[in-house]
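Have a look at these structures, which come just after this line.
Each of the next two complexes has chain A plus one more chain, namely chain B in the first and chain C in the second.
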Partner chain A sequence: MNLTAALRATRSRSTYLLALRPNAKSWRPWLAPLAALLIWEACAHLPGVDPRFLPSLEAVAARAWEGFVHDDYLGHLLASLGRDLAGFFLGGLAGVATGLALGFSPLLARVVGPTLMTYRQISLFAWIPLVSMWFGGGEAGKIAFIAMAAFQPTLVNSWRGVAEIPKSYRELSDVLLLGRLGFVALIALPCALPQIFTGLHSALICSWAATVGAELLFNLAPGLGGQMNEGQQMFLMDKLLLCILLLGSVGVVFNLLARAAERRCLRWRTL
Partner chain B sequence: MSFGWTLAPPAPVAGGTAIAAGLRQLRTFAASAGLALAVPLLLAALWIFCARYSWIPDQILPAPAAVWQTLREGCADGSLRDATLISLQRVLAGFGIGAGAGVLVGGLLGASRTLRSYIEPFFLAFNQVPHIAWMPVLMVLFGIGEALKIILIAWAAFMPAALYALQGVRDVPEGFRELGRALMLDRRATFCTIILPSALPSIFTGLREGLAHAWQALVAAELLASFEGLGYLMAYGRQLFQLDVVLAAMAIIALIGVAFHVLLSMAETRLRRWRLEGAQ
Partner chain C sequence: MIDSLAPSATNALEISRVSKRFLVAGRPSPVLGGIDLRVRDGEFVSIVGASGCGKSTLLRLILGLDTDYDGDIRIDGAQVAGPGLDRAIVFQDHRLLPWLNVRSNIAVALRHSALGKGEKAGRVDELVKLVGLERFAEAWPAQLSGGMAQRVAIARALANRPRFLLLDEPLGALDALTRLRLQNELLRIVRQGGTTAILVTHDVDEAIYLGDRVVVMRPDPGRIAAVIAVSGAESHDRSAPEFIRLRDRILALLGVVRSEADASAGHGLAPVA
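After this line comes the complex of A and B, so read on.
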């Protein structure tokens, strides 16, 4: 009981940075966003403020109405999401598979591990020119880049998840005379699962950021990043702010979904 | 913080065993270094062979000799050095501002439960917007000058620094705080001897993360909107299909990334040891 409680505490601490914690039992959390919106609105209506630089809330709302009803904003949003998820699944799968392999084989970890850790230190965006040359500036290049972003956190976390299995668990497996397969299926994977989820959760956030980066820096295509490029070149601040709001909302939804999935898949831990 | 050293002083060893132990240590180190170098050497060999027998066209992967030549020429005429210095300057300025403000704000939020209940959710929701997405907005507001880069880098460094500082200060174990109360420390002493040492590892994680994010933001900003610096060099090489320039710039970016990581880790161990001695 004591051990599980401690484990759970460390887990919730490590995922804290990734997660919104809705303790919305009081009105307090709503005060800051409300105040920010009010100040924004008030500043936009101050005399001498150029609406091109600071559009009012109703201008952004009008842009949203026009964009979703007359223009194809939904299509742009879906294009970005599709790209993001394709890259996330490719990179996440590769990352989990590699991480598990490194965790289960110390020799492999000693041979490949240092190279992979050094590779992590290369700034992600520095790969863009190379990736765009290898995979083209179109869809393939973008998805490859997003997959690279999703690969790193899943790799590190699943690797650590397996490598940090307590020694007593290994002893338990020996006492129960479990074979290699039994150890992996019954002890190692369930024990590493929370850490793997942390990696996937973090990869979801990283790949969303990479999606925006790819859309800004690769060839122009339908998607929120492309819309932002257009908004910047045509000086449409309301469009830019709308895109920011959409990007943030998708991030929040991703977070909530990831937390729900995590809770569902790890329900047995709380029993 | 570990107090293991007080419990288990190193056992005195006779000269012979010390040498044997040293040799053994050297051997294990050499073994792991050899294993670690196997993959990079293999990749390098593959690269050299690809270039020698021109399996891959130069526009996809230039020969190592060409990249080496570009690096040497760039160093000789100072163009690489200038680009590196400009990039470093930008990143350090942005990181200094962003991380400093981040640790301060995060520490305040971590210390006050009331403040946290008001601001924390909003703060975390703000964090959901990828920092690169602010670039077009900043470009409209500030043009593509130096201010854009510094603000973007500062923002990229601010968030991790603030979040980890918040976590570190908030999660000081209750027992430590009780100890402080029992010793009747005043606010200042509590801060210096209880809260800061306990939060320091978390703060350092935030700084490391912040520096990595700052370096990323710099590369992105220079790729998109710049006329000098390492990122610009890469964008230029990409447009002219000169991949040797791109790879040379990447090599320097990677080197600096590794150097940042190593320097901060060293600073952290140093500072923590100093804390331990100070607590003695």
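After this line comes the complex of A and C, so read on.
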């Protein structure tokens, strides 16, 4: 009974997250960004607007053409993506593992839980000086920082997913004599899976945000953040805006991929 | 059906002086006060009573989910120490696992069965057919109606051919038509397997229709007010006068005033204009 209610609640939550379903009226979510681009374009052509501060869309497109064809923007984009995914996998794996351990072991949850919740209160950026001292400002430091960003949401969601398994399911497991292993495999993990996915999904977004942060604040290296630093120092506003558009586009693609994976793995839920 | 009853006049399940307390707001509050009940092999016992009379608690104790009580619950003379495959339950909420299809939901119960892989598959097929869901064997629980889901739950409970089938208001959440249909089906399934069934219900008609005996429970603390035998003649015609008389008697025992005097008064309850 209360499970179906819970499922309905999660379903309605996920529908508002992104209405980018192929079967829904899929053009609607694109209206707002399209309008923003139009307003930008209109403003850029207003008399008295300095194109050095607000370049037009054409200027940004020209920069993109030049960058991807004659310069190595693709390389920078791939460098950022590689870093992001490395951090996401390391942090996500650690987060899911720790969350499951906490969910299954009340003792561990009592001993370590409060500390981990306090850790969440500390801004991620507060760790930058420390991480760069421990791991260096190079690749290792950046990936460690991104992993920390992915760790938090996966930890909390996996933990909650297991901890919130309805009591009625535990009772069912007892009645069917499933045993501890059977309970974990047949009930606990599938029951927690939607919540684990929610964690991984937000970890994907958090780690992408952290990737840019790391690239802006740690040592200069190939990547979008580095290009933004360069754009700022050389006063290339078109380059800065291009980088922001690229960051957003990657985010949208991540979102779509995550939702597709979720829908595939949780088919029983979306019926 | 007759020959499964006749030779085994022995008590399969004996509940003796069972009392149980819960802590409510830090204070012990009795839910069951001295329950005595004997159930014979192959018998269908209905338990009726208002909410909070401890009916479901009693089933939990028989299942062995809770062993913290006073008194004895014995099966063939041996104290119940925990859950076992000889006892299965159908809950009011079907409690199917939404991530498993119908077949797998039934097969879950066979996890510790001694059957081989092929035999398990055969048993599941058999059960799917028994509850008439052949066309839905691969369906997800979310695709089933309430009645179909409850049929799957019944099939799951029968998977290990349990000696005792405990039914905790299994039809309580269903619409009236589905409920009537499933009552017949339940009766057929239980008779066919020779299973001993204990049904907890709010519905007096259902208790009489299905039960060989009806146990009437009263609350504060939960205790047995009466045990009424239902003979075959009364039980299968819901509009027979005997059936209605039995129902009224049980309703009176439950404290719902509907004695013969009221019935003959006819419109005694009609609002005064």
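A few points about this structure:
Criterion: the second predicted complex is superposed on the first by the 238 of 271 C-alpha atoms of A that agree within 3 Å, B and C clash if a C-alpha of one lies under 4 Å from a C-alpha of the other, contacts with A are read in each partner's own complex, and residues count from 1 in each chain.
Criterion: contacts are C-beta pairs under 8 Å (C-beta built on N, C-alpha and C of every residue); 3 or more make two chains touch, one makes a residue touch a chain.
What you see is a predicted model, and the numbers here were worked out from it, not measured in a lab.
With both structures placed on the common chain, the touch criterion links A:Ala32 to chain B but leaves chain C unconnected. Comparing chain B with chain C, the partner in contact with more residues of chain A is B. Of the two partner chains, chain B is the only one that A:Val252 touches; chain C does not reach it.
Of the two partner chains, neither chain B nor chain C is touched by A:Phe104. In the superposed model, A:Ala209 lies in contact with chain B only, and not with chain C.
When the two complexes are overlaid on their common chain A, residue A:Phe135 makes contact with neither chain B nor chain C.
Once chain A of one complex is fitted onto chain A of the other, the partner contacts of A:Trp268 are limited to chain C, with no touch recorded for chain B. In the superposed model, A:Leu241 makes contact with chain B only, not with chain C.
Contacts of A:Leu176 after superposition on the shared chain: chain C is touched, whereas chain B is not.
Residue contacts after overlaying the shared chain place A:Asn229 against chain B, while chain C stays out of touching range.
Taken in their complex, chain C has these residues touching chain A: 63, 65, 83-85, 88-89, 91, 93, 95, 97-100, 108-109, 111-112, 140-143, 173.
Only residues 13, 16-17, 20-24, 26, 28-29, 31-33, 36, 53, 107, 110-115, 118, 121-130, 132-134, 208-209, 212-213, 216-217, 225, 228-229, 231-232, 235, 237, 240-241, 243-244, 247-249, 251-252, 255 of chain A touch chain B when the two sit together in their complex.
Of all residues in chain B, only 32, 35-36, 38-40, 59-60, 117-126, 128-137, 139-141, 163-164, 167, 171, 212, 215-216, 218-220, 223-224, 231, 234-235, 237-238, 241, 243, 246-247, 249-250, 253-254, 257-258, 261 touch chain A in the complex they form.
Contact residues on chain A toward chain C in their complex (touch as defined above): 1, 3, 7, 168-169, 171-172, 174-179, 182, 186-187, 190-191, 193, 266-269, 271.
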